[in-house]
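Structures given as C-alpha cells follow.
There are two complexes below, and they share chain A, which is joined by chain B in the first and by chain C in the second.
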Partner chain A sequence: MRRSALAAVAAIGSASLLLSACSKADDNGGDGNKSAGANAATKGVVNASTQKGGTVTYEYSDVPDSFDPGNTYYAYMYNLSRLYARPLMTFQPGPGEEGNKLVPDLAEKAGEPSDGGKTWTYKIRSGLKYQDGTAITSKDVKYAVERSNFARDVLSLGPNYFQQFMQGGKAYKGPYKDKSPEGLKSIETPDDTTIVFKLNRPFQEFDYLVATPQTAPVPQAKDTGIDYVKSIVSSGSYKFQSYDEGKQAVLVKNENWDPKTDPLRKQYPDKIVVKLKVNAETIDQDVQAGDAIDLGGTGVQAATQAKVVNDAKLKANTDNTYGGRLVYMAINNQVAPFDKVECRKAVEYAVDKVSVQTAEGGPIRGDIATTVLPPDITGYAKADVYATTGNKGDAAKAKEQLKACGKTTISTNISARSDRPQEIDAATAIIASLKKVGINASLKQYPSGKYFTDYAGVPTFDKKQNIGLHMMQWGADWNSGYGFLQQILHGDAIGASGNTNLSYLNDKQINEMLEKAIATEDDTTRNGLYGQIDKRAMDLAALVPLTYFKVLLYRPSGYTNLVSTSAFSGQYDYLNIGTTKK
Partner chain B sequence: MTAPIETTGAQAEAQPEAVLVGVDKGQIEGRSLGQIAWSRFKKDRVAVAGGVIVILLILLALLSRPIQAMFGLDPNALHQDLIDPNTSLPKGDFGGMSWSHPLGVEPKFGRDIATRILEGSWVSLVVAFGATILSNTIGAVLGVVAGYYGGRVDTIISRLMDTFLAFPLLLFAIAISATLQGGAFGLEGLPLHISVLIFVIGFFNWPYLGRIVRGQTLALREREFVDASRGMGAKGPYILFRELLPNLVGPIIVYSTLLIPTNILFEASLSFLGVGIQPPQASWGGMLNQAVTYYQVDAQFLIVPGLAIFVTVLAFNLLGDGLRDALDPRSR
Partner chain C sequence: MISYILRRTFAAVILLLVVTAVTFAIFFLLPRLAGQTADQLAQQYIGKSPTKADIAAVKQNLGLDEPLYAQYWHFIKGIVAGATYNLGPTTAHCDAPCFGYSFKTHEAVWPQLTSRIPVTFSLAAGAAVLWLVSGVVIGVISALKPRSFFDRTFMGVALAGVSLPMFFTGSLAILLFTYQWPIFGRTYVPFTENPAQWANTLFPAWCSLALLYSAIYARLTRSGMLETMNEDFIRTARAKGLRERNVVTRHGLRAALTPIITVFGMDLGLLLGGAVITETVFSLPGIGQYAVQGITDNDLPPILGVTLLAALFVVIANLLVDLLYAAADPRVRLS
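Moving on to the complex of A and B:
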C-alpha cells in the first residue's frame, strides 16, 4: 500500500491518455547506442561511465508527497532524496537483490548494537558539511528524526517507526511543541560525531530504519517546519537551485560536498531537473527518446508495453524487474464460512492464477506467486502449498475442500479498490474461476483512500456486508521479512479500523515467530524464521498469493550507470545516473 | 365532440396547410390533426429511418437476454486462450475477429464484444427511458401546476426549478453514485446501480420540461375551453389533468424523444467515469472506459461501443426532430 507511486498513476492513467491522443509517437530511441539487451540493468550496471557534465531529467506524472526528506513515504523519493539528503545508512547501488545491501552513508560504519539489540550506536564521518559550509553534527541527525517522527501535526506524511520503537516515544511531542533543549531523551548525542538510539524492545533490523531519509541531517536553525521543503539545506552531492511547487525542481552541484567523505556519490551530471505533472504518455515518449527517466518507476503504459514487447529492438532496451510487492487476495478469517480452514483452502485451489495474471497484463506485469514473500525480499523461500497443474486452479480439489467444509455453494463478496483498474481486472478473473466451483462472489468497489479506514479494513463492516475476500497489494517499508510480514499477518496489528491485516489472521504461532525473528541477531536464523512464518500462513490459507508484482522499465539510451535495484521497488538507482549528452 | 388534442393553438393554426394537402389528392374530407401529423412525419424519410432504427434497438434490448439464452452466449465468459499474455491483446487482426466472435474479443479477458454490446443495450435503454419518464413526469405535473395556479405557487415552483438548474449535476451525480456503491434501500448490485442512475439522471433534469410546460399552460389557461370547463363547475385537478395536460402531449412527446439520447450519453459518461454500471456487468460507457487504454493498439475495441452509442443517439435525435416538425410545423 505504501511507498509506491502506483495508485496515483493508475488513477490518472486513463484521463491522461485521452489528452495526448494527437501527440507524435517516437519510433525508437536510437541514437546509435548499442543496446545492452533486455533486462541488462537487472544483472549489472548498464552504460557504465564516468563522463561528467550535462543535464539529467526526471519526469513524473503526478506530484510527490514532499521533497522534504522528513516528510515523504514514497520509494522513488527515498531514492531521489539521497542526492540532497544523506541518511545514516543507505543501499549499495547494485542490480536486483544486490541492491538490498546496506552500507554506511553519513555514518562511518553500520550501527553497533548492544543490550541485546535495544541500543544502537552510530558514529558519523568527519569533515561533513552542509551546502553553506557549516559542519554537520550528530545533533542534526537527532533533530531530523525528532521532527519527522514525532511532530505528526506538522510533518505527517512519512512513517513513524521511531515513535513506536524509541523509549518514551509515545510521550514526546516533537521539537515544534516540546522546546526543551534535550529533546527526545532516548536519542543521545554524547559528542558531535556520535548518536545513540535507545529502543523499547530489541530490534535487530535497526539499520534498515536509519536508511530512511528521516535520518538525513536537518539544521534546526534553518528548519521552518512544513515550509522547509522550499529551502532544503543539502547535505548531499546536489543542492536545490530552484523549487517550483507542483511543477519542477532544479538541482545543481553542491560545492561544499566533499567526495572524500562519500564513497557512494560521484556527482556526474552538472544539473538534475525533476519535472512534475508530466502526461504519462509524454513520459513514455521522452524515455524512449532517451531524454528522461520515469521518476515514479512504475514502468511504461499498457499501450507502450504492447508496442515494445513485440519489437525485438525496442524490447532490448527494457528492464522487466520485480517491484518488491505481492498482489494477493486476503481471505477474511472472521467472515463465515471462511472461518473454516477447509473453505479457505477451497478458494486457494479454485483460483486460476494464469487467468488472473493475464487479466493484470501478463507475465510482464507479474510472475505467478505461491508464497507470501516475493523473491526479491530477504527471507523468501520457494514453496507452493496449493500447487495445481500449470497454476490454472483445480476445480476437483476445490470441490473436495468445499465438501469437507460442509458446503456445496458459497455466496460472498469480494472487495477491490475502485481507482485501481488492475485490481478490478484481477477480481473479475477471480470471480469467473470461483464461479466454476460453486463460489459466487460479487465485486464491491471502494475508493482506495478509505479502503482501510472505512471499508475493507473495518472488521464489523466486512461482516455486515458479507465481504469474505479482499483484493490487496503489499510492498514492504524495508526489504526484510519483518518489514513485509508484520503489518499483514501479525494478530496484534488488528484494530477496529485501518487494518492492513485483511486476512484478520490472529495465529499465536505466527505472532510469536515474528517477535522472535526481530529479536534474533543471526541473519540466517532470522531469515529462516521468515520462511517458516510464510509457510504457516499458507498452511492456514490466510491469503491467495496471485502475482509477484513486476514493472517494465524502458532504459533511456542517453543515460549512464543505470542499474535496477530491489531496494527501491525495482527503480533505477538514482545516485549516480549521468548523461552522454551535453 | 372533438378530441382535446385538436384544439391546441399551434395545431389549429396549422389547419390551412392540412386542407391544401387534402385538396391536392382530391379528397375533401376532415382529418384529425393526429392523422395530419402522421402524414407529415411519413414524408420525412430521415425521421422514418431514425424511427425504424429506434424500434429495432428497442426490440434488441427487450430480446437481449432471450437471445443470449437461445444461443448460449455469456457476456462474462472469459476466453483468455484468445489473448496474447505478453501484450494483453487479442490474437489475430481486427481485435480478434472470427466467426465465433464477429466483433472481436476484449483485451485481457477475451470476452466476446458482440455479446457485451447486446447485454449493454438493455442497460442503456432501461436507464435512459427510466430517467426520461421520471424527469418528464415530475416536470409535466409541476409545470402545469405552476402555470395554471400562478401567484405564490408559481413563484415557489419556478424558484425550485432555478435551484435545480443551478445544481452542478455531473459532480453531484459522481458523488451520489460513489456513496451508494455498497448497498442502499434494500437493493444491491445491478438493480441498485440502475436505480441510482435513473434517479440521479432523472431527478435533476425535470425543470427543462417543467419550464416548457409552464409556458404553454400560461397560454392555454386563458382559452375558451378552459373557461367553459370552469364555468361548468370543474375544479382545479380536473382542469389540470383533463383539459390542460392532454393539450400538452405534443411538446412532451417531442421533448422526451430528444431527452432520451441525452440520457443515454449521460449514462455512458457516468459509466465511463467509473461511477455508473459496475464491472463485470457490461455497459457501453464501461466498455469505452476500458477501451481507452488500448486505443492505439486495439482500435476495434474502442470503435464498436463508440459506434453503438453514436447510432443510438443519432437515431433518437432524428426521430425527435421529425416528430417535432410533424407536431409543430411552425418551429421548422
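Moving on to the complex of A and C:
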C-alpha cells in the first residue's frame, strides 16, 4: 500500500465528526462570495493562473519517510518529488479521475510493449539536464531503479516491484554490492536515450510502475546512498536550496531545467518551502489563513471540519473527494469458525454499516462501501452481494447463515489499531452489530507501527489469540485493480509475518484471475477481470467493505492552480501550484 | 569541593549507564521476551514484500542480528569511541560521542540532538526566567501580605495556572496571539539569525510554560517565606534595626530559596531534556519533538539518545543545585 499519512487522520475525534456529519451547509456556498464553491477542485482547476513569483509553503504534521525519490512510499511524496525528480511517466494534472491519466514525463512517449508485455521500451527526451548542467541519460534511469529496488539494506523504504518483476531480480544484489559494469542485465540501455525493461512475466500495467519516483534519474557518481537525501541532484523544475532533516526543505528554481523538454511543469513560484513537524491544528489555521498547503493531503482536523462544514462560506472552500482507499474488516479464513464461508457470510449480513459510517465521521469521511474496489479505482463495478435494507444489516439472514455454518453463537476477537480512534470506534460499532446475531467479538488493540509485523499480520499470532476479524484500511500503489487487489487478495502475498492479506485468502481462482488480468493487453477485458475478482472475493465473504474513504481538503486562498487528483489519493496536484502573494 | 564534584560525576556516569540499560531493555529485551523476533523488528524498517535476503541484510546493517548484549555494547562503545556506518556506496564514521544511527531516517542521532539543543534551550531558558521572576515575586508579596486581596487573587490565579494543561494554554495562546491578533510569529527563528524575531516567536511558548510553572513557584515561595519570616533569625535581624527590605531579601528570601533552587534545578533539567508537549503544540524543532518522532517510528536510537541526554541534563542540574545550596544557605556545607 502506498502510504497516505493516515496517522494524521487517526487523530480525528468521533464526536466532532458526528457533528460535522449532520451539517446542512449548502454544497454550493450560495453566499455570493468569490469562492469557486465546494468540491470545485474535484471538477476543474481552481484559481487557474500563470502568475509567477512568490513562495509556496507546504506544511506537514509529521516527517516524510524520505525526500530521496528512491527511498519513499508516501503518496504525497510521490506527488511532491516530481518537482525535483522526473520519473519516466507521470499523471496528467487534472481533476478527479482525469488525473489518473498516465502521460510521459522523462520519456518521450508511453512504453512500447513487446513479447506479450514482458519487454517494455522507453525513449527519453533529448536535451534533458540535471541541475548542474550535465546530461541525463537512460543509464541514470537504470541506476536509479537498481539502487531503489535492489539495495534494500540501505534504501529500504520504497516498494520493490522491480525486484519482483524483473528477470533475475531476486538474484541481483544491487549496485552497492554488485560492482559489475552491466548491473542488472534485464534492464538494458543500448544508447543514451533508450531503456529496455525485460520482465519475468507479462505485465500490462508497467507504465504505472515507471510512474513511481524510483525511475527518476540519479547520477551514479553523485549517489551517496543513504546520504543522497542531503544532496539530491535535481532533474525537475526545482532544486534543493537547503535540507534540514526532520525540520524543513527549501526548493528554488532549477535554472538548468528546460521548459522545452517538459510539457507538464510550469515553474510558477520562485521558492517552495516544506515545513515539517508542524502542529496539525496550526496547519489547519495556516491553510485557512491562505498561507500554506497541507502536504499530507489527508484533510482537516476534527475541530476544523466541524467549523468548515457548518459554515456555508467556509464550506465553499473545501473539496470532499474519494481518497482511493477502502475501509474494511477482513475476515480471517484461517481462524475457525471463519474457515467456513457460511460463518463469514453471517458476519457480512450482521454488520450495520450506517453505524460504522457514523462512527467514522459520517458521509463526509466516507460513503458506505459494498465492493472491494473503491469507485475511483479502475476496474470498479457497482455491486452489493450482501444487500440489506438501508445498509443497516439483516439479523434474520445473518442467523440463517450462522445456522448453515452449524453454529448458534461464535466467540471471537477483532483487532484494531490503538492509535486510530476512528478505527476503534468503528470496531466498537461492529461489535454491537455482531452481538445482535450471537457473534460475540472482543476488541484487541495493537499499535499501528507493529500491526502487520507483530500482530494482525502474523497468522500464528492470530490463531493463538483467536483473532477472526481485523479492522483494515487499504489504498492502491497505483490506481488499477491489480495495484489495489494483489496485496490484499492474492495468496502469494501471505507470508509468516508482515501480511496485508488479512483475510488470509488463498483462492486458486482469484490468484489465477489476478495473473491473467495483469497479462491481458486489452484494457476493457483487463478491467472486466478486476470486477470479477471483486465479485469472487465478496462471494467468498473474504472481507466486509465498510466505507469508501473520503478526504476533506480546505483550499488556501491565494494559491493558484489547485486541482484535486485521484492519482494521489485526492490530494491537490503539487506540480504547478503557484501563489498570488509576493 | 573538587573531590565532591568528582564523586558526583562518577555517580552520574553510573546512573547514566543504568538509564541507558533500562531504556535499552524496555525497547529491545521486553519485546523479545514477549515473543518478537529480530526478523519482525527488521521488517518495521523495510518496505513492503521484503525477501528473506532483504530482511537478513537489514538486520545485519542495523546490527539486529547480534545478541542484545553485543548491541548494547556497540551503543556504549559508540558514545566513547565513535562508530562506522554503511551508507551504501561508502561508509561513514560517526565521531564520538556517537549516540547511534536512526533505524528509520538513517541519520546519526548526535547531530540531530546538537542541532535541536539550541531550540529546547531557547524555550527552557526564556520560560525559566519568566516563571522564576514572576513566581518568586508573587510568592514573596503574598507571603508578606497573607490573606490580602493580592494574596488571594494571585494564589487563585496560581491554582488555575497549575490546573490548566499545556495543550490548552498553548493552543489558546497560538489561536489568540498568532491568528486572532497576529502579534507573534509562528515559525521558530534561531537567535543567531534574528534575536528580535527569535524572542517574538518564542514569547507565547514562554508565557504558556511560565503560567504553568510560576504558579508552582509562587506557592512554594509563599509557604517558604511564611515559615522563614517567623524564624528567630528574622526577629533578630529586625531587632538589630535592619531595614525591612534587607530583612526580606537578604535573610528571609535567601533562606526560603533552598527548596525553590531544588525544584528549579529539577524542572530546568527535565525541560532541557525535551519539553515534549510544548514543542509539539508550538511546532518547535527541539529535542522533545525528536523524542516524539522516535517513539512514533519505534526508532530506538533517537529514543536512547534523548533519554540519555535528558538524564544528563537532570544530573548536571542536580549537581549545580547542590553547589548552589552552599552559596544560598550558609548552613549547608559540601562534604
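Definition applied: the second predicted complex is superposed on the first by the 554 of 582 C-alpha atoms of A that agree within 3 Å, B and C clash if a C-alpha of one lies under 4 Å from a C-alpha of the other, contacts with A are read in each partner's own complex, and residues count from 1 in each chain.
Basically, a contact is a pair of C-beta atoms (placed from the backbone, for glycine too) under 8 Å apart; a residue touches a chain by one contact, two chains touch by 3 or more.
From a predicted model like this one, the values you see are computed outputs, not experimental measurements.
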{"item": "First (chain B), second (chain C), both or neither touched by A:Y446", "value": "first"}
{"item": "Touched partner set for A:I510, first chain B, second chain C, both or neither", "value": "neither"}
{"item": "First, second, both or neither for A:K275, with chain B first and chain C second", "value": "second"}
{"item": "Partner chain in contact with A:I364 - chain B first, chain C second, else both or neither", "value": "first"}
{"item": "Which superposed partner A:A151 touches (first chain B, second chain C, both, neither)", "value": "second"}
{"item": "Which superposed partner A:V351 touches (first chain B, second chain C, both, neither)", "value": "neither"}
{"item": "Which partner, chain B or chain C, touches more chain A residues", "value": "C"}
{"item": "Chain A residues contacted in one complex by chain B, in the other by chain C", "value": "447"}
{"item": "Of all residues in chain C, those that touch chain A in their complex", "value": "31, 36, 39-41, 43-51, 54, 57-58, 60-61, 86-90, 92, 104-107, 112, 115, 171, 174-175, 178-179, 186-187, 280-283, 285, 289-290, 293, 296-298"}
{"item": "Of all residues in chain A, those that touch chain C in their complex", "value": "1, 7, 62-63, 65-66, 73, 147, 151-160, 163-164, 170, 175-176, 223-228, 244-247, 275, 277-279, 281-282, 285-286, 289, 447, 449-450, 453-454, 458, 487, 493, 497-498, 500"}
{"item": "Residues of chain B that touch chain A when the two form their complex", "value": "76-78, 80, 83-89, 108-109, 178, 181-183, 189, 274, 278-280, 289, 292-298"}
{"item": "List of chain A residues in touch with chain B within their complex", "value": "13-14, 17-18, 21, 25, 301-303, 305-307, 309-310, 354-355, 357-359, 361-364, 418-419, 421, 424-425, 428-429, 431-432, 442-447, 455, 465"}
